[in-house]
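These are the structures in question, set out in turn.
Each of the next two complexes has subunit A plus one other chain: subunit B in the first, subunit C in the second.
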Partner chain A sequence: MTILPILKKLGSLALTLFAASILVFCSMYFVPGNPVSFLLRGRSPSAEAVAAVTAQYGLDKPVPEQYVDWLANVLHGDFGRSFQYREDVSTLIASRAPATIGLVALAGLIIGILGLAAGITAALNQGRAADQAILLASTGLAAIPSFVGAIVLIAFFAVQLGWFPSFGSGNGFLDALYHLVLPALALAATFVALVARVTRTSMLEQLGREHVEVAVSRGIGRGHVIRRHVLRNALGPILTVSGVLVAGLLVASSIVEQSFGLSGIGSLLVQSVDRLDFPVVQAIVLLIVVIFVTMNTVVDLLAPVIDPRSMAGAAAR
Partner chain B sequence: MTTFPLTRAVPRHFRPRSGNPLFTAAIILAMVMVIAAAAATLIAPYDPDFVDLGNVLSAPSPAHWLGTDAVGRDTLSRMMFGARTALLGPLLVVLLSTALGIGFGLLAGWFGGWIDAVLCRVFDLLFAFPALLLAILAVAIFGKGLTAPVAAMTIAYIPYVARLVRSLVVSERGRPYVTAYRVQGFAGCWIAVKRVLPNVMPTVGAQSTLNFGYVLADLASLSFLGLGVQPPAADWGAMINDSRGALMSGQSLPALVPAIAVVLVVIAMNIIGENLSDRIGGRRQP
Partner chain C sequence: MSLLEISGLTLDLPSEPSCRLLDGISLNVGAGETVGIVGESGSGKSLTARTVLGLLPGGARTSGSVLLDGTDMLRCPPSVALDRRRDTVSMIFQDPRSGMNPVRRIGDFLTESLRLCEGWSKADADERALELLRSVGLPRPESHLSQYPHELSGGMLQRVMIAGALTAAPALLVCDEPTAALDVTTQAEIINVLRKQQETRGMGMLFITHDLNLAAALCDRVYVIHSGRIVEYGSALSIFTSPRADYTKRLVAATPTIPSVSGRRSSAAASHGRAPSAGSAEPALEARGVSKCYAIRGGADIRAVDDVSFRVPPGGALALVGESGSGKSTLARMLVGLERPDSGDILVDGVSRSTRPRSRAERLKRARAVQIVFQDPYLSLDPRIPAGAAIEDALRLHSTLRGVEARARVLTLLDRVGLTEKHSQSKPRTLSGGQRQRVAIARALAAAPGVLVLDESTSALDVSVQAQVLDLIDEIRRERGLTLVFVSHDLAVVRRVCETTAVMKQGAVVESGATAGLLEHPGHPYTQLLIDSIPKPRRSLHAISQ
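Right, the complex of A and B next:
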């Protein structure tokens, strides 16, 4: 692997993150008027409050200097203090992170297993009943926004059948996992459909290729051909989609957490918007953008590892 | 349909038939929604905000076809009035983002060079913000309601449209008909707007139809979170949020009705959009 394309991708990552950080910082200047009165909306603008906010954002300095100081703090993990909780934003986020990580990890597991299984099954049965059923199911699932998924799951599995809890995060590992089942399913629904469809399309494309025909004609076992010559080659697009998926999962987790009363980063974001707690909003938005852009770059960099031909193609171009 | 060596043969009754009942059903559903929204004041059986505390959470009956909510408001009437914001928001987002996306995409694809490079950088930056996240940030800055999310979603969807238009324009630019117009001395701008643009429009239209469904779901999500359309205004997302207490006590209908409506519209828009793009794809093939 040559070093130049990697550096190029990392440079582009740095540039995007830089621009995104400017956008997130400057967003408080989008409202006409004084940033102090914007930041202190809904709170009593006492002399101390004004002084605290001015000090936190360095509002008595010129704007470029404010940004540089803010960025330096952010890079040191200091996002300022929350107006609502009177706590460091980073502490607040750290205390809320486990719930979100658990939710997204479980949803990711469900998406990986169900999405791949459904996509592979559909591709290998193209045009038959199983394929039609999976296509139909994925069309339906793809149209279920996570809040609808949450409502339906709560209505049937929590209230009607009483199989799962509908609220809170539980105590201990197993109980916490039990509490996460419905939220993770609500979060995963749309994305399972997406992964299934991409897997199906990508598999079908490979199934029609000559090397598969040759392998079959040479009498190589069906399972071996599918694993080594079809699935392996089909992984590229699936990987690309999973990079995009991460952003969707993180944003949708705010809806799911809010529906199921989980205290994660997503519900913190929604509550902070509701309570006009701008430093927390800024921090979480920036965090999600950073994770999303970084994941996409990692996926880009991983592509040649999974499929060395994509690197050769890039070099030839 | 081609069969591959590893796929089993397709039984005859699963092969696609001519005509598409799903497409027809989707069009009918979309029309019903539009009529219900447009004529809500005429055909809604009740005032959507009329509170009847003597008749809360009633089951569907001849008087209330879809029952009533936790404060006795008629669900069907609220659905009809809610269809207005549900359809208007996405319509604005799709129209604005499509118009602006076409403009930027045409600019980038047709002229290329530094304009293309700069615009692509800006698109990349905007891609870093998922639409719903940008909408949440907009609400945090400009306050709750429909305006800030609609503006934010418009901005978030522009790069999707623009990138599609750009790639289509780039591939059209090299085709013989463009060269033919050029050698005849037609101005570049005229060829781009009058001859290339009509050729890319069908594909863009199909994509925008798909986007409509997703925007509707995102805007409903925001209302569900209490960040979009504010109660007591009838809005599907807000109705679901309002009915969460009833849901917990086993009365799921007031929450399920708007939830199902959202899903149906998204499915309908997916079917219409995919059908349109299939037809275009069929026409394009030589």
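Right, the complex of A and C next:
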């Protein structure tokens, strides 16, 4: 009874990914410019040269066939070769991944801790100074785009105070972490504000529920009531919003990477779009779609754990 | 000294400086005594109950004292109040479904105070929980422990709530309308559980209710509370049979009852009664074998309405009575055309309406024929539209009146339901529950329907307001020759308005006939059960305790 909904979710995940792969593949044909002319770097080539390049990259075959070839390769982990770097896309991405993973993980940690803490503090002090301050700060943070935030952070912490480096990835784990502090803060700022707001609203809604009053009336201490009945029940909306935020986080990471000169996947995406390096763009976009859809499927699958009633539609009564 | 002694309790809120929410409340509850507080919504009865546990609304200013076993719950430090809640007083709330955390198991609910506050081991706490669940008469205590609240019915949940309140073996149990959200037969069961627990444990009980009948059936003494003041107190029976205060007299008069069938109301209803199966005239409303099924994902289909047939003559009034889940509201929605029957036919003035309306004109014509007034006027009126505009909208849709004429008609309709021009400008939130329901009735009448369906239209209202609205409905019906279908869970209420009654259970009509006859000589055991479940003052106590 409980395995069927999970299978259904996984099935719809596979379908979504399939549809996304078609879109991603076809995007190559929606973009102005032609891969062949890029490959030949603006030289005015002979007809033979064009034909040779076209054949080398399989561009002479019908589009559906190209798609099937591409998909078969992708499923084997082969995303083709980059036009601009002349190396395998998978190797390229693998070399760039650690910087991005580190950035997103650190930002996620900051979002989780600061966002939840600010939201909880605001909810428990509703209407008082702490709540007002957090609301004001979150409105401000949410309004600042991450590239502006990045510049402000660099100007203040890197240039004026000189506490943190403003550029590059650093060598070794600790140095890399040190280099990631400012980028992660710039990336996290907007999302901290969003998570804080959702947490506050969700907590306040639960605080007004009758079952919370019942728990208080039974002589259960405030700490237990807040943790077991308010925060626990508020998790659902927070988790749902977090799942949706993943997409924004990945997209914003490319901007932040550019600002701080980190050689991660995001900056690779920006450069590749700029130079019409289609295999790389396709691979990265597909990767982002996979991560986003997977995260949200995980959130969906967690829903019954968070709230047993969400299974009731299928199972109970 | 009494177990609970409230003296001169007053309570103000800074947000409402103009009115004092509690004004000089004094009452006492002795050990092992059951004391009732009866009042309508906004009277301060729930607020009084909460002060006993030291639960005050934010920013409340109080004076007077609430002495619980010698501790003043208003002035003692929070930690002492916490201790009193753990060991001396417990509270049961109105709606068990919203009173229990939906994401935690029943076992967790029952044992959390023992485990977290008293430091019991899980095994010991579970043992105690099982014992309590058994004592409140739940069928499978072991499996209930690992179930979630949504897997249990309302009546079962209220038993769990009672068990939860008894974990600490309190000396005083405060019950705040513990049966108001339950069906009448379930109410009778819960009252029995409460009475049994109170007797075996020798607890004091403070029982808050809006239902005078219920208070009189259960309590030794009763306090009647109105706008934050106690207007009368005394033994339950004396309050019920010989009330002294004007307010109590009005309350007693407004409370619907079953036993005295020879009362003024029933004769009024009977005077324009027709034989239920008057086959001579064409019925204004007829149902022929109407059925409706709902498919439930992963389960068997539910037959919400199962082969129901009836005829209501023009100007007649039919009551559809049943408990929640009996299919009465689904039937009402089909009569209005909000749902279509799976099989069978509904005819209004001989015209079938089982097919989908083909044009806008046909849809409007059908809407004009049958109008509905819903249960909760707080939900059925758009909060942003003033009352007058809501009625005018209905006129614009269903009549040719425009502009000045339409507004004049709105005022006539408002006047008809006892409201004035002033109310036509008011947004619903500034109106009281009774006023809102009057607006909803006026809006339904704006279409000049032949048939009016009332879906529990008075059950969200206070008893005194309910009585006024019932009178209003009765008047309008006679004046306009309206055909009424009154859907209700309350036999005592429909008795005031309808001369014929159909009792529904699990989608089917189990018994139908003249209301008076049905009440005096119920033919079906379920009808008998419904009648017996209505609380009656202690004189006829045997009826409820069986």
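The criterion applied here is as follows: the second predicted complex is superposed on the first by the 284 of 317 C-alpha atoms of A that agree within 3 Å, B and C clash if a C-alpha of one lies under 4 Å from a C-alpha of the other, contacts with A are read in each partner's own complex, and residues count from 1 in each chain.
FYI, contacts are C-beta pairs under 8 Å (C-beta built on N, C-alpha and C of every residue); 3 or more make two chains touch, one makes a residue touch a chain.
Predicted model, so just to flag it, every value in this text is computed and none were measured.
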- Between subunit B (first) and subunit C (second), which does A:111 come into contact with in this model arrangement: first, second, both, or neither? neither
- What is the contact status of A:216 with respect to subunit B (first) and subunit C (second): first, second, both, or neither? both
- Message: I'd like to know which partner A:186 touches here: subunit B for first, subunit C for second, both or neither.
- Response: neither
- Message: As a test of reading the superposition: which chain, subunit B or subunit C, is in touch with more residues of subunit A?
- Response: B
- Message: A:269 in the overlay: touching subunit B, subunit C, both, or neither? Say first, second, both or neither.
- Response: first
- Message: Shared contact residues on subunit A, subunit B side and subunit C side combined as an intersection?
- Response: 213, 216-217
- Query: What residues on subunit A touch subunit B, complex-wise?
  - Reply: 12, 15-17, 19-20, 23-24, 27-28, 30-31, 123-129, 132, 139-140, 142-148, 151-152, 154-155, 159-160, 166, 204, 207-208, 212-213, 216-217, 222, 225-226, 230, 247-248, 250-252, 254-255, 258-259, 269-270, 272-274, 276, 278, 281, 285, 288-289, 292-293
- Within the complex, which stretch of subunit B touches subunit A? 1-8, 10-11, 14-15, 121, 124-125, 128-130, 132-133, 136-137, 139-142, 213, 217-218, 220-221, 224-227, 237, 240, 244, 247-250, 252, 255-256, 259, 262-263, 266-267, 270-271
- Listed in rising order, the residues of subunit A that touch subunit C in the complex are 1, 209-211, 213-221, 224, 228-229, 232-233, 306-309, 312-317
- Within the complex, subunit A is touched by subunit C residues 53, 55, 82-87, 90-91, 93, 95, 98-104, 112-113, 116-117, 148, 150-151, 161, 164-165, 167-168, 296-299
